[in-house]
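Once you've had a glance at the structure underneath, I'll fire off some questions.
The chains carry the letters A, B and C, assigned in the order they are written, with residues numbered from 1 in each.
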Amino acid sequence: MAQLTNNIYIILDLIGTFAFAISGAVAARQRGLDVFGIFALAFTTACGGGIIRDLCIGAIPPVGLTHFPYLLTALIAAIVSMVFYSWVNILTHPVLVFDAVGLSVFAIAGARKVLAFGFNYEVAILLGITTAVGGGVLRDVLLGRVPIILKREIYASAAMVGAGIVVLGTHLGYDIDIISIVALIFCFGMRFMSLHYHWNLPTFGTNKK
Amino acid sequence: MAQLTNNIYIILDLIGTFAFAISGAVAARQRGLDVFGIFALAFTTACGGGIIRDLCIGAIPPVGLTHFPYLLTALIAAIVSMVFYSWVNILTHPVLVFDAVGLSVFAIAGARKVLAFGFNYEVAILLGITTAVGGGVLRDVLLGRVPIILKREIYASAAMVGAGIVVLGTHLGYDIDIISIVALIFCFGMRFMSLHYHWNLPTFGTNKK
Amino acid sequence: MAQLTNNIYIILDLIGTFAFAISGAVAARQRGLDVFGIFALAFTTACGGGIIRDLCIGAIPPVGLTHFPYLLTALIAAIVSMVFYSWVNILTHPVLVFDAVGLSVFAIAGARKVLAFGFNYEVAILLGITTAVGGGVLRDVLLGRVPIILKREIYASAAMVGAGIVVLGTHLGYDIDIISIVALIFCFGMRFMSLHYHWNLPTFGTNKK
(Lines give C-alpha, C1' and ligand atoms only; values in the text may rest on other atoms or scores of the structure.)
Protein backbone atom coordinates (compact mmCIF):
# COMPACT_ATOMS: atom_id res chain seq x y z
CA MET A 1 0.00 0.00 0.00
CA ALA A 2 2.80 2.39 0.97
CA GLN A 3 4.60 1.24 -2.17
CA LEU A 4 1.53 1.93 -4.29
CA THR A 5 1.06 5.39 -2.76
CA ASN A 6 4.72 6.05 -3.35
CA ASN A 7 4.49 5.05 -7.01
CA ILE A 8 1.43 7.23 -7.51
CA TYR A 9 3.37 10.18 -6.05
CA ILE A 10 6.28 9.59 -8.39
CA ILE A 11 3.90 9.58 -11.36
CA LEU A 12 2.04 12.72 -10.18
CA ASP A 13 5.39 14.41 -9.56
CA LEU A 14 6.55 13.69 -13.12
CA ILE A 15 3.18 14.81 -14.55
CA GLY A 16 3.60 18.09 -12.66
CA THR A 17 7.20 18.46 -13.79
CA PHE A 18 6.15 17.87 -17.38
CA ALA A 19 3.32 20.42 -17.21
CA PHE A 20 5.60 23.06 -15.65
CA ALA A 21 8.28 22.38 -18.25
CA ILE A 22 5.74 22.73 -21.06
CA SER A 23 4.63 26.12 -19.69
CA GLY A 24 8.26 27.27 -19.59
CA ALA A 25 9.09 25.99 -23.06
CA VAL A 26 5.96 27.48 -24.67
CA ALA A 27 6.55 30.88 -23.05
CA ALA A 28 10.21 30.79 -24.15
CA ARG A 29 9.26 29.92 -27.71
CA GLN A 30 6.71 32.73 -27.84
CA ARG A 31 9.44 35.21 -26.81
CA GLY A 32 11.72 34.03 -29.61
CA LEU A 33 14.34 32.25 -27.52
CA ASP A 34 16.63 29.80 -29.28
CA VAL A 35 16.68 26.02 -28.82
CA PHE A 36 18.96 26.21 -25.81
CA GLY A 37 16.85 28.98 -24.26
CA ILE A 38 13.67 26.95 -24.68
CA PHE A 39 15.24 24.00 -22.93
CA ALA A 40 16.71 26.22 -20.18
CA LEU A 41 13.31 27.76 -19.50
CA ALA A 42 11.60 24.35 -19.47
CA PHE A 43 14.11 23.06 -16.91
CA THR A 44 14.08 26.22 -14.78
CA THR A 45 10.29 26.36 -14.64
CA ALA A 46 10.06 22.67 -13.71
CA CYS A 47 12.89 22.52 -11.17
CA GLY A 48 13.47 26.11 -10.02
CA GLY A 49 11.05 26.08 -7.08
CA GLY A 50 12.47 22.86 -5.67
CA ILE A 51 16.02 24.13 -6.09
CA ILE A 52 15.27 27.29 -4.07
CA ARG A 53 13.59 25.16 -1.37
CA ASP A 54 16.57 22.80 -1.18
CA LEU A 55 19.04 25.69 -0.90
CA CYS A 56 16.97 27.11 1.99
CA ILE A 57 16.89 23.82 3.93
CA GLY A 58 20.47 22.81 3.17
CA ALA A 59 19.58 19.82 0.95
CA ILE A 60 22.82 20.00 -1.05
CA PRO A 61 23.01 19.54 -3.98
CA PRO A 62 19.37 20.35 -4.82
CA VAL A 63 17.45 17.31 -6.05
CA GLY A 64 16.45 19.19 -9.20
CA LEU A 65 20.12 19.13 -10.25
CA THR A 66 20.88 15.52 -9.30
CA HIS A 67 17.79 13.52 -10.23
CA PHE A 68 18.01 12.62 -13.92
CA PRO A 69 14.27 11.93 -14.51
CA TYR A 70 13.55 15.66 -13.93
CA LEU A 71 16.14 16.74 -16.50
CA LEU A 72 14.85 14.14 -18.96
CA THR A 73 11.23 15.19 -18.43
CA ALA A 74 12.14 18.84 -19.05
CA LEU A 75 14.04 17.85 -22.19
CA ILE A 76 11.08 15.86 -23.53
CA ALA A 77 8.72 18.75 -22.74
CA ALA A 78 11.00 21.18 -24.59
CA ILE A 79 11.13 18.91 -27.63
CA VAL A 80 7.37 18.36 -27.57
CA SER A 81 6.73 22.10 -27.42
CA MET A 82 9.09 22.68 -30.37
CA VAL A 83 7.99 19.79 -32.60
CA PHE A 84 4.29 19.71 -31.81
CA TYR A 85 3.76 23.42 -31.22
CA SER A 86 0.54 23.46 -33.23
CA TRP A 87 -0.91 21.02 -30.70
CA VAL A 88 -0.13 23.24 -27.76
CA ASN A 89 -3.07 25.56 -28.24
CA ILE A 90 -5.41 22.61 -28.64
CA LEU A 91 -3.96 21.15 -25.47
CA THR A 92 -4.20 24.31 -23.35
CA HIS A 93 -6.93 22.87 -21.17
CA PRO A 94 -5.25 19.51 -20.44
CA VAL A 95 -1.97 21.33 -19.74
CA LEU A 96 -3.70 23.63 -17.25
CA VAL A 97 -5.11 20.59 -15.47
CA PHE A 98 -1.67 18.94 -15.39
CA ASP A 99 -0.25 22.23 -14.16
CA ALA A 100 -2.76 22.15 -11.28
CA VAL A 101 -1.57 18.62 -10.51
CA GLY A 102 2.01 19.91 -10.43
CA LEU A 103 1.08 22.84 -8.21
CA SER A 104 -0.59 20.52 -5.71
CA VAL A 105 2.05 17.79 -5.67
CA PHE A 106 4.92 20.30 -5.40
CA ALA A 107 3.28 22.29 -2.57
CA ILE A 108 2.54 19.17 -0.52
CA ALA A 109 5.86 17.44 -1.24
CA GLY A 110 7.72 20.69 -0.51
CA ALA A 111 6.06 21.16 2.88
CA ARG A 112 6.64 17.50 3.77
CA LYS A 113 10.33 17.69 2.90
CA VAL A 114 10.81 20.76 5.10
CA LEU A 115 9.08 19.05 8.04
CA ALA A 116 11.16 15.91 7.46
CA PHE A 117 14.28 18.08 7.78
CA GLY A 118 13.01 19.15 11.22
CA PHE A 119 12.24 22.81 10.50
CA ASN A 120 9.25 24.71 11.86
CA TYR A 121 5.73 25.16 10.48
CA GLU A 122 6.38 28.64 9.10
CA VAL A 123 9.29 27.37 7.01
CA ALA A 124 7.17 24.42 5.81
CA ILE A 125 4.36 26.68 4.58
CA LEU A 126 6.61 29.35 3.02
CA LEU A 127 8.80 26.79 1.25
CA GLY A 128 5.79 24.63 0.28
CA ILE A 129 4.48 27.69 -1.60
CA THR A 130 7.98 28.38 -2.98
CA THR A 131 8.36 24.81 -4.28
CA ALA A 132 5.05 25.13 -6.11
CA VAL A 133 5.37 28.64 -7.56
CA GLY A 134 9.13 29.38 -7.59
CA GLY A 135 9.72 27.88 -11.02
CA GLY A 136 6.94 29.94 -12.58
CA VAL A 137 8.27 33.10 -10.93
CA LEU A 138 11.78 32.45 -12.30
CA ARG A 139 10.29 31.75 -15.77
CA ASP A 140 8.52 35.11 -15.79
CA VAL A 141 11.50 37.03 -14.38
CA LEU A 142 13.78 35.52 -17.05
CA LEU A 143 11.26 36.53 -19.72
CA GLY A 144 11.16 40.08 -18.36
CA ARG A 145 7.57 40.13 -17.15
CA VAL A 146 5.87 40.50 -13.77
CA PRO A 147 5.19 36.97 -12.44
CA ILE A 148 1.67 36.11 -13.50
CA ILE A 149 0.94 34.29 -10.26
CA LEU A 150 1.32 37.58 -8.36
CA LYS A 151 -1.20 39.32 -10.58
CA ARG A 152 -4.26 37.16 -10.86
CA GLU A 153 -5.92 33.85 -10.14
CA ILE A 154 -6.06 31.53 -7.19
CA TYR A 155 -2.67 29.93 -7.65
CA ALA A 156 -0.13 30.58 -4.92
CA SER A 157 -3.01 30.77 -2.45
CA ALA A 158 -4.04 27.21 -3.40
CA ALA A 159 -0.44 26.12 -2.75
CA MET A 160 -0.62 27.90 0.62
CA VAL A 161 -3.80 26.02 1.53
CA GLY A 162 -2.20 22.70 0.51
CA ALA A 163 0.96 23.32 2.53
CA GLY A 164 -1.16 24.64 5.40
CA ILE A 165 -3.23 21.44 5.56
CA VAL A 166 -0.03 19.35 5.71
CA VAL A 167 1.24 21.47 8.60
CA LEU A 168 -2.08 21.48 10.46
CA GLY A 169 -2.53 17.73 10.07
CA THR A 170 1.02 17.08 11.25
CA HIS A 171 0.45 19.33 14.26
CA LEU A 172 -2.75 17.42 15.11
CA GLY A 173 -0.87 14.13 14.84
CA TYR A 174 -2.63 12.61 11.84
CA ASP A 175 -0.88 10.16 9.54
CA ILE A 176 1.19 12.17 7.06
CA ASP A 177 0.16 10.07 4.05
CA ILE A 178 -3.56 10.51 4.71
CA ILE A 179 -3.07 14.21 5.39
CA SER A 180 -1.18 14.56 2.13
CA ILE A 181 -4.07 13.07 0.16
CA VAL A 182 -6.51 15.47 1.81
CA ALA A 183 -4.16 18.39 1.10
CA LEU A 184 -3.73 17.31 -2.53
CA ILE A 185 -7.50 17.14 -3.04
CA PHE A 186 -8.08 20.58 -1.48
CA CYS A 187 -5.21 22.29 -3.31
CA PHE A 188 -6.07 20.73 -6.67
CA GLY A 189 -9.79 21.31 -6.16
CA MET A 190 -9.29 24.97 -5.27
CA ARG A 191 -7.08 25.56 -8.30
CA PHE A 192 -9.35 23.58 -10.63
CA MET A 193 -12.47 25.44 -9.47
CA SER A 194 -10.76 28.80 -9.89
CA LEU A 195 -9.86 27.84 -13.47
CA HIS A 196 -13.36 26.58 -14.16
CA TYR A 197 -15.20 29.55 -12.66
CA HIS A 198 -12.52 32.18 -13.41
CA TRP A 199 -12.06 33.06 -9.75
CA ASN A 200 -9.47 35.70 -8.99
CA LEU A 201 -8.11 37.33 -5.89
CA PRO A 202 -9.07 40.98 -5.54
CA THR A 203 -6.77 43.71 -6.85
CA PHE A 204 -7.00 47.46 -6.44
CA GLY A 205 -8.30 48.52 -9.80
CA THR A 206 -7.73 52.24 -9.95
CA ASN A 207 -4.01 51.78 -9.45
CA LYS A 208 -3.60 49.16 -12.12
CA LYS A 209 -0.94 49.72 -14.68
CA MET B 1 22.55 47.93 29.63
CA ALA B 2 23.29 45.10 27.19
CA GLN B 3 19.65 44.07 27.58
CA LEU B 4 18.48 47.60 26.83
CA THR B 5 20.73 47.88 23.76
CA ASN B 6 19.43 44.51 22.63
CA ASN B 7 15.81 45.59 23.00
CA ILE B 8 16.47 48.79 21.08
CA TYR B 9 17.99 46.72 18.25
CA ILE B 10 14.97 44.45 18.12
CA ILE B 11 12.68 47.48 17.88
CA LEU B 12 14.83 49.18 15.20
CA ASP B 13 14.96 45.89 13.29
CA LEU B 14 11.16 45.61 13.28
CA ILE B 15 10.79 49.29 12.29
CA GLY B 16 13.11 48.64 9.35
CA THR B 17 11.28 45.44 8.42
CA PHE B 18 7.98 47.32 8.51
CA ALA B 19 9.28 50.17 6.34
CA PHE B 20 10.75 47.77 3.77
CA ALA B 21 7.51 45.75 3.72
CA ILE B 22 5.48 48.94 3.19
CA SER B 23 7.66 49.89 0.22
CA GLY B 24 7.15 46.42 -1.29
CA ALA B 25 3.40 46.41 -0.71
CA VAL B 26 2.88 49.91 -2.10
CA ALA B 27 4.93 49.16 -5.22
CA ALA B 28 3.01 45.89 -5.71
CA ARG B 29 -0.34 47.63 -5.36
CA GLN B 30 0.67 50.30 -7.87
CA ARG B 31 1.48 47.56 -10.40
CA GLY B 32 -1.96 45.99 -9.95
CA LEU B 33 -0.88 42.83 -8.14
CA ASP B 34 -3.56 40.87 -6.28
CA VAL B 35 -3.84 40.48 -2.51
CA PHE B 36 -1.44 37.53 -2.43
CA GLY B 37 1.04 39.37 -4.66
CA ILE B 38 0.99 42.43 -2.41
CA PHE B 39 1.74 40.28 0.60
CA ALA B 40 4.43 38.33 -1.26
CA LEU B 41 6.18 41.56 -2.30
CA ALA B 42 5.95 42.98 1.24
CA PHE B 43 7.56 39.84 2.66
CA THR B 44 10.20 39.54 -0.08
CA THR B 45 11.24 43.19 0.21
CA ALA B 46 11.49 42.94 3.99
CA CYS B 47 13.22 39.56 4.27
CA GLY B 48 14.87 38.93 0.89
CA GLY B 49 18.21 40.56 1.68
CA GLY B 50 18.64 38.63 4.92
CA ILE B 51 17.65 35.37 3.22
CA ILE B 52 20.35 35.80 0.53
CA ARG B 53 22.91 36.62 3.26
CA ASP B 54 21.95 33.55 5.28
CA LEU B 55 22.20 31.28 2.22
CA CYS B 56 25.70 32.65 1.55
CA ILE B 57 26.95 32.04 5.10
CA GLY B 58 25.20 28.69 5.59
CA ALA B 59 22.73 29.91 8.23
CA ILE B 60 20.10 27.29 7.38
CA PRO B 61 17.19 27.80 7.33
CA PRO B 62 17.37 31.58 6.78
CA VAL B 63 16.08 33.55 9.76
CA GLY B 64 13.64 35.41 7.49
CA LEU B 65 11.78 32.12 6.99
CA THR B 66 11.84 30.90 10.61
CA HIS B 67 11.29 33.99 12.73
CA PHE B 68 7.54 34.65 12.97
CA PRO B 69 7.72 38.38 13.93
CA TYR B 70 9.14 39.16 10.47
CA LEU B 71 6.30 37.36 8.70
CA LEU B 72 3.75 39.04 10.96
CA THR B 73 5.30 42.49 10.42
CA ALA B 74 5.19 42.00 6.65
CA LEU B 75 1.55 40.86 6.89
CA ILE B 76 0.59 43.92 8.92
CA ALA B 77 2.44 46.20 6.49
CA ALA B 78 0.61 44.61 3.54
CA ILE B 79 -2.77 45.09 5.25
CA VAL B 80 -1.93 48.67 6.21
CA SER B 81 -0.95 49.49 2.63
CA MET B 82 -4.18 47.98 1.33
CA VAL B 83 -6.63 49.41 3.89
CA PHE B 84 -5.02 52.79 4.52
CA TYR B 85 -3.63 53.40 1.06
CA SER B 86 -4.77 57.03 1.02
CA TRP B 87 -2.49 57.63 3.99
CA VAL B 88 0.55 56.30 2.22
CA ASN B 89 1.20 59.41 0.17
CA ILE B 90 0.80 61.59 3.23
CA LEU B 91 3.20 59.31 5.05
CA THR B 92 5.89 59.24 2.33
CA HIS B 93 8.33 61.22 4.41
CA PRO B 94 8.02 59.18 7.64
CA VAL B 95 8.24 55.97 5.60
CA LEU B 96 11.46 57.19 3.96
CA VAL B 97 12.92 57.91 7.39
CA PHE B 98 11.88 54.46 8.64
CA ASP B 99 13.35 52.99 5.48
CA ALA B 100 16.67 54.71 6.30
CA VAL B 101 16.46 53.13 9.76
CA GLY B 102 15.94 49.73 8.11
CA LEU B 103 18.83 50.28 5.73
CA SER B 104 21.17 51.11 8.60
CA VAL B 105 20.09 48.36 10.99
CA PHE B 106 20.15 45.71 8.26
CA ALA B 107 23.61 46.72 6.98
CA ILE B 108 25.14 46.70 10.47
CA ALA B 109 23.34 43.55 11.68
CA GLY B 110 24.23 41.80 8.42
CA ALA B 111 27.93 42.60 8.70
CA ARG B 112 27.97 41.57 12.38
CA LYS B 113 26.31 38.24 11.63
CA VAL B 114 28.89 37.43 8.95
CA LEU B 115 31.77 38.27 11.31
CA ALA B 116 30.12 36.20 14.07
CA PHE B 117 30.13 33.24 11.65
CA GLY B 118 33.91 33.69 11.32
CA PHE B 119 34.11 34.84 7.69
CA ASN B 120 36.45 37.50 6.39
CA TYR B 121 36.04 41.27 6.08
CA GLU B 122 35.24 41.22 2.38
CA VAL B 123 32.33 38.84 2.95
CA ALA B 124 31.10 41.00 5.86
CA ILE B 125 31.00 44.17 3.75
CA LEU B 126 29.52 42.55 0.64
CA LEU B 127 26.83 40.72 2.61
CA GLY B 128 26.18 43.72 4.88
CA ILE B 129 25.27 45.65 1.72
CA THR B 130 23.28 42.64 0.43
CA THR B 131 21.28 42.39 3.66
CA ALA B 132 20.36 46.06 3.39
CA VAL B 133 19.55 46.33 -0.30
CA GLY B 134 18.80 42.74 -1.45
CA GLY B 135 15.10 42.94 -0.61
CA GLY B 136 14.66 46.14 -2.60
CA VAL B 137 16.52 44.65 -5.55
CA LEU B 138 14.27 41.56 -5.52
CA ARG B 139 11.18 43.81 -5.26
CA ASP B 140 12.21 45.74 -8.36
CA VAL B 141 13.22 42.64 -10.33
CA LEU B 142 9.86 40.99 -9.54
CA LEU B 143 8.08 44.15 -10.71
CA GLY B 144 10.08 44.14 -13.94
CA ARG B 145 12.08 47.33 -13.40
CA VAL B 146 15.77 48.15 -13.02
CA PRO B 147 16.54 48.25 -9.26
CA ILE B 148 16.16 51.87 -8.24
CA ILE B 149 19.09 51.65 -5.82
CA LEU B 150 21.41 51.05 -8.77
CA LYS B 151 20.22 54.14 -10.57
CA ARG B 152 20.27 57.03 -8.18
CA GLU B 153 20.71 58.23 -4.63
CA ILE B 154 23.13 57.49 -1.84
CA TYR B 155 21.58 54.21 -0.72
CA ALA B 156 23.71 51.11 -1.17
CA SER B 157 26.78 53.30 -0.64
CA ALA B 158 25.44 54.30 2.80
CA ALA B 159 25.03 50.60 3.60
CA MET B 160 28.61 50.05 2.44
CA VAL B 161 29.86 52.77 4.78
CA GLY B 162 27.89 51.26 7.69
CA ALA B 163 29.20 47.74 7.08
CA GLY B 164 32.69 49.16 6.51
CA ILE B 165 32.72 50.91 9.89
CA VAL B 166 31.72 47.65 11.61
CA VAL B 167 34.59 45.85 9.89
CA LEU B 168 37.13 48.60 10.54
CA GLY B 169 36.14 48.89 14.22
CA THR B 170 36.33 45.12 14.67
CA HIS B 171 39.76 45.08 13.02
CA LEU B 172 40.96 47.80 15.39
CA GLY B 173 39.63 45.85 18.36
CA TYR B 174 36.89 48.20 19.53
CA ASP B 175 33.80 46.91 21.36
CA ILE B 176 31.35 45.66 18.74
CA ASP B 177 28.30 47.28 20.40
CA ILE B 178 29.89 50.72 20.48
CA ILE B 179 31.14 50.34 16.93
CA SER B 180 27.65 49.33 15.83
CA ILE B 181 26.16 52.53 17.26
CA VAL B 182 28.76 54.64 15.45
CA ALA B 183 28.10 52.71 12.23
CA LEU B 184 24.33 53.14 12.62
CA ILE B 185 24.69 56.90 13.11
CA PHE B 186 26.96 57.30 10.07
CA CYS B 187 24.88 55.10 7.78
CA PHE B 188 21.57 56.64 8.82
CA GLY B 189 23.01 60.16 8.74
CA MET B 190 24.45 59.70 5.26
CA ARG B 191 21.17 58.35 3.93
CA PHE B 192 19.09 60.99 5.73
CA MET B 193 21.28 63.85 4.46
CA SER B 194 21.13 62.51 0.89
CA LEU B 195 17.32 62.48 1.13
CA HIS B 196 17.22 65.94 2.62
CA TYR B 197 19.65 67.56 0.19
CA HIS B 198 18.82 65.33 -2.81
CA TRP B 199 22.36 64.03 -3.10
CA ASN B 200 22.96 61.50 -5.85
CA LEU B 201 25.91 59.51 -7.06
CA PRO B 202 27.16 60.61 -10.48
CA THR B 203 25.89 58.87 -13.61
CA PHE B 204 27.07 59.23 -17.20
CA GLY B 205 24.38 61.40 -18.63
CA THR B 206 24.79 61.13 -22.38
CA ASN B 207 24.29 57.38 -22.22
CA LYS B 208 21.15 57.48 -20.10
CA LYS B 209 18.17 55.61 -21.34
CA MET C 1 54.73 21.73 -14.82
CA ALA C 2 51.65 21.43 -12.56
CA GLN C 3 52.68 24.78 -11.08
CA LEU C 4 52.92 26.33 -14.54
CA THR C 5 49.51 24.94 -15.57
CA ASN C 6 48.09 26.26 -12.33
CA ASN C 7 49.50 29.74 -12.91
CA ILE C 8 48.14 29.78 -16.45
CA TYR C 9 44.70 28.89 -15.07
CA ILE C 10 44.84 31.70 -12.54
CA ILE C 11 45.70 34.17 -15.30
CA LEU C 12 42.99 32.86 -17.65
CA ASP C 13 40.50 32.99 -14.77
CA LEU C 14 41.32 36.66 -14.08
CA ILE C 15 41.16 37.50 -17.80
CA GLY C 16 37.70 35.94 -17.91
CA THR C 17 36.62 37.74 -14.74
CA PHE C 18 37.83 41.03 -16.20
CA ALA C 19 35.99 40.49 -19.51
CA PHE C 20 32.74 39.56 -17.73
CA ALA C 21 33.07 42.58 -15.42
CA ILE C 22 33.62 44.87 -18.41
CA SER C 23 30.47 43.55 -20.07
CA GLY C 24 28.49 44.20 -16.87
CA ALA C 25 29.92 47.68 -16.36
CA VAL C 26 29.37 48.76 -19.96
CA ALA C 27 25.77 47.50 -19.97
CA ALA C 28 25.13 49.27 -16.65
CA ARG C 29 26.57 52.52 -17.94
CA GLN C 30 24.45 52.33 -21.08
CA ARG C 31 21.33 52.00 -18.91
CA GLY C 32 22.25 55.12 -16.92
CA LEU C 33 23.14 53.43 -13.62
CA ASP C 34 25.17 55.44 -11.12
CA VAL C 35 28.76 54.75 -10.07
CA PHE C 36 27.72 52.22 -7.44
CA GLY C 37 25.36 50.50 -9.87
CA ILE C 38 28.10 50.18 -12.49
CA PHE C 39 30.40 48.57 -9.96
CA ALA C 40 27.62 46.31 -8.63
CA LEU C 41 26.85 45.09 -12.16
CA ALA C 42 30.54 44.52 -12.93
CA PHE C 43 30.93 42.41 -9.81
CA THR C 44 27.65 40.51 -10.24
CA THR C 45 28.37 39.68 -13.89
CA ALA C 46 31.87 38.49 -13.04
CA CYS C 47 31.11 36.51 -9.87
CA GLY C 48 27.37 35.73 -10.01
CA GLY C 49 27.67 32.40 -11.82
CA GLY C 50 30.28 31.05 -9.44
CA ILE C 51 28.28 32.22 -6.42
CA ILE C 52 25.17 30.31 -7.59
CA ARG C 53 27.34 27.21 -8.21
CA ASP C 54 28.90 27.43 -4.75
CA LEU C 55 25.51 27.80 -3.07
CA CYS C 56 24.31 24.68 -4.91
CA ILE C 57 27.29 22.55 -3.84
CA GLY C 58 27.53 23.90 -0.29
CA ALA C 59 30.86 25.72 -0.78
CA ILE C 60 30.15 28.30 1.92
CA PRO C 61 30.87 31.17 1.72
CA PRO C 62 31.02 31.37 -2.10
CA VAL C 63 34.54 32.00 -3.38
CA GLY C 64 33.28 35.04 -5.33
CA LEU C 65 32.62 36.75 -1.98
CA THR C 66 35.84 35.72 -0.20
CA HIS C 67 38.57 35.93 -2.81
CA PHE C 68 39.79 39.53 -3.00
CA PRO C 69 41.38 39.36 -6.51
CA TYR C 70 37.89 38.89 -8.00
CA LEU C 71 36.52 41.96 -6.25
CA LEU C 72 39.59 43.97 -7.24
CA THR C 73 39.36 42.84 -10.86
CA ALA C 74 35.69 43.85 -11.00
CA LEU C 75 36.55 47.22 -9.46
CA ILE C 76 39.29 47.85 -12.03
CA ALA C 77 36.97 46.81 -14.86
CA ALA C 78 34.28 49.21 -13.60
CA ILE C 79 36.79 52.08 -13.42
CA VAL C 80 38.17 51.28 -16.86
CA SER C 81 34.68 51.26 -18.35
CA MET C 82 33.91 54.62 -16.74
CA VAL C 83 37.18 56.42 -17.47
CA PHE C 84 38.04 54.92 -20.85
CA TYR C 85 34.52 54.50 -22.18
CA SER C 86 35.44 55.85 -25.60
CA TRP C 87 37.87 52.94 -25.96
CA VAL C 88 35.21 50.35 -25.26
CA ASN C 89 33.70 50.45 -28.71
CA ILE C 90 37.13 50.21 -30.28
CA LEU C 91 37.88 47.28 -28.01
CA THR C 92 34.64 45.35 -28.68
CA HIS C 93 36.44 42.60 -30.55
CA PRO C 94 39.21 41.98 -27.98
CA VAL C 95 36.62 42.05 -25.19
CA LEU C 96 34.52 39.43 -27.00
CA VAL C 97 37.60 37.21 -27.30
CA PHE C 98 38.41 37.68 -23.60
CA ASP C 99 34.75 36.95 -22.85
CA ALA C 100 35.09 33.66 -24.75
CA VAL C 101 38.15 32.89 -22.61
CA GLY C 102 36.06 33.57 -19.49
CA LEU C 103 33.22 31.42 -20.73
CA SER C 104 35.57 28.49 -21.33
CA VAL C 105 37.58 28.77 -18.12
CA PHE C 106 34.46 29.22 -15.97
CA ALA C 107 32.64 26.25 -17.55
CA ILE C 108 35.60 23.90 -17.13
CA ALA C 109 36.57 25.14 -13.65
CA GLY C 110 32.92 24.97 -12.55
CA ALA C 111 32.49 21.38 -13.70
CA ARG C 112 35.80 20.37 -12.09
CA LYS C 113 34.86 21.93 -8.75
CA VAL C 114 31.53 20.06 -8.69
CA LEU C 115 33.27 16.75 -9.43
CA ALA C 116 35.89 17.50 -6.76
CA PHE C 117 33.02 17.92 -4.27
CA GLY C 118 31.93 14.38 -5.15
CA PHE C 119 28.64 15.16 -6.92
CA ASN C 120 27.35 13.40 -9.99
CA TYR C 121 27.88 14.11 -13.71
CA GLU C 122 24.51 15.79 -14.19
CA VAL C 123 25.29 18.32 -11.45
CA ALA C 124 28.76 18.91 -12.95
CA ILE C 125 27.37 19.74 -16.39
CA LEU C 126 24.43 21.84 -15.16
CA LEU C 127 26.60 23.84 -12.76
CA GLY C 128 29.47 24.10 -15.25
CA ILE C 129 27.03 25.88 -17.56
CA THR C 130 25.70 27.93 -14.64
CA THR C 131 29.19 29.05 -13.62
CA ALA C 132 29.85 30.25 -17.15
CA VAL C 133 26.55 31.97 -17.95
CA GLY C 134 24.96 32.72 -14.55
CA GLY C 135 26.65 36.12 -14.20
CA GLY C 136 25.46 37.25 -17.62
CA VAL C 137 21.92 36.08 -16.85
CA LEU C 138 21.89 38.06 -13.57
CA ARG C 139 23.28 41.11 -15.41
CA ASP C 140 20.45 41.03 -17.93
CA VAL C 141 17.75 40.34 -15.33
CA LEU C 142 18.98 43.28 -13.23
CA LEU C 143 18.87 45.49 -16.32
CA GLY C 144 15.32 44.36 -17.07
CA ARG C 145 15.96 42.49 -20.30
CA VAL C 146 15.64 38.89 -21.45
CA PRO C 147 19.05 37.22 -21.00
CA ILE C 148 20.80 37.54 -24.34
CA ILE C 149 22.38 34.11 -24.03
CA LEU C 150 18.91 32.54 -24.16
CA LYS C 151 18.05 34.34 -27.36
CA ARG C 152 20.86 33.91 -29.79
CA GLU C 153 24.39 32.69 -30.44
CA ILE C 154 26.35 29.62 -29.51
CA TYR C 155 27.18 30.61 -25.96
CA ALA C 156 25.65 28.46 -23.23
CA SER C 157 25.86 25.52 -25.62
CA ALA C 158 29.65 26.02 -25.89
CA ALA C 159 29.80 25.98 -22.07
CA MET C 160 27.75 22.76 -22.12
CA VAL C 161 30.21 21.16 -24.53
CA GLY C 162 33.16 22.25 -22.35
CA ALA C 163 31.61 20.90 -19.14
CA GLY C 164 30.53 17.76 -21.01
CA ILE C 165 34.07 17.01 -22.18
CA VAL C 166 35.33 17.33 -18.59
CA VAL C 167 32.67 14.87 -17.41
CA LEU C 168 33.22 12.42 -20.27
CA GLY C 169 37.01 12.49 -19.85
CA THR C 170 36.70 11.95 -16.10
CA HIS C 171 34.32 9.05 -16.69
CA LEU C 172 36.80 7.48 -19.12
CA GLY C 173 39.58 7.90 -16.56
CA TYR C 174 41.78 10.41 -18.39
CA ASP C 175 44.00 12.84 -16.48
CA ILE C 176 41.85 15.78 -15.44
CA ASP C 177 44.45 18.41 -16.41
CA ILE C 178 44.80 17.08 -19.94
CA ILE C 179 41.03 16.73 -20.29
CA SER C 180 40.62 20.31 -19.11
CA ILE C 181 42.94 21.60 -21.83
CA VAL C 182 41.00 19.67 -24.47
CA ALA C 183 37.71 20.99 -23.07
CA LEU C 184 39.07 24.57 -23.01
CA ILE C 185 40.13 24.34 -26.64
CA PHE C 186 36.77 22.92 -27.78
CA CYS C 187 34.67 25.38 -25.78
CA PHE C 188 36.73 28.41 -26.77
CA GLY C 189 36.96 27.25 -30.38
CA MET C 190 33.23 26.70 -30.67
CA ARG C 191 32.47 30.13 -29.19
CA PHE C 192 35.15 31.86 -31.28
CA MET C 193 33.96 30.24 -34.51
CA SER C 194 30.35 31.19 -33.78
CA LEU C 195 31.46 34.81 -33.29
CA HIS C 196 33.56 34.75 -36.43
CA TYR C 197 30.96 33.11 -38.68
CA HIS C 198 27.87 34.52 -36.90
CA TRP C 199 26.53 31.09 -36.06
CA ASN C 200 23.28 31.01 -34.11
CA LEU C 201 21.07 28.32 -32.69
CA PRO C 202 17.71 28.05 -34.46
CA THR C 203 14.70 29.96 -33.15
CA PHE C 204 11.07 29.76 -34.21
CA GLY C 205 10.73 32.89 -36.25
CA THR C 206 7.04 33.49 -36.59
CA ASN C 207 6.66 33.75 -32.85
CA LYS C 208 9.50 36.18 -32.35
CA LYS C 209 8.79 39.32 -30.44
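We take it that contacts are C-beta pairs under 8 Å (C-beta built on N, C-alpha and C of every residue); 3 or more make two chains touch, one makes a residue touch a chain.
This structure is a prediction, so every number in the text was calculated from the model and none was measured.
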Path length in the contact graph (chain B to chain C, fewest steps) = 1
Task = Note whether the interface between chain A and chain C is symmetric in residue numbering, meaning over half of all numbers used appear on both sides, and answer same or different.
result = different
Key: Centre-of-Cα separation between chain C and chain A, whole angstrom   = 30
Ask   = Mind pulling the chain A residues that touch 2 or more other chains?
value = 55, 58, 141, 144
Query = Along chain A, where are the residues that touch chain B in the complex?
reply = 55-58, 119-120, 122-123, 126-127, 137, 141, 144-147, 149-153, 156-157, 160, 200-205, 207-209
Message = So in the complex, the part of chain C that touches chain B is made up of which residues?
response = 28-37, 40-41, 51, 55, 58, 60-62, 65-66, 68, 71, 82, 85, 141-144
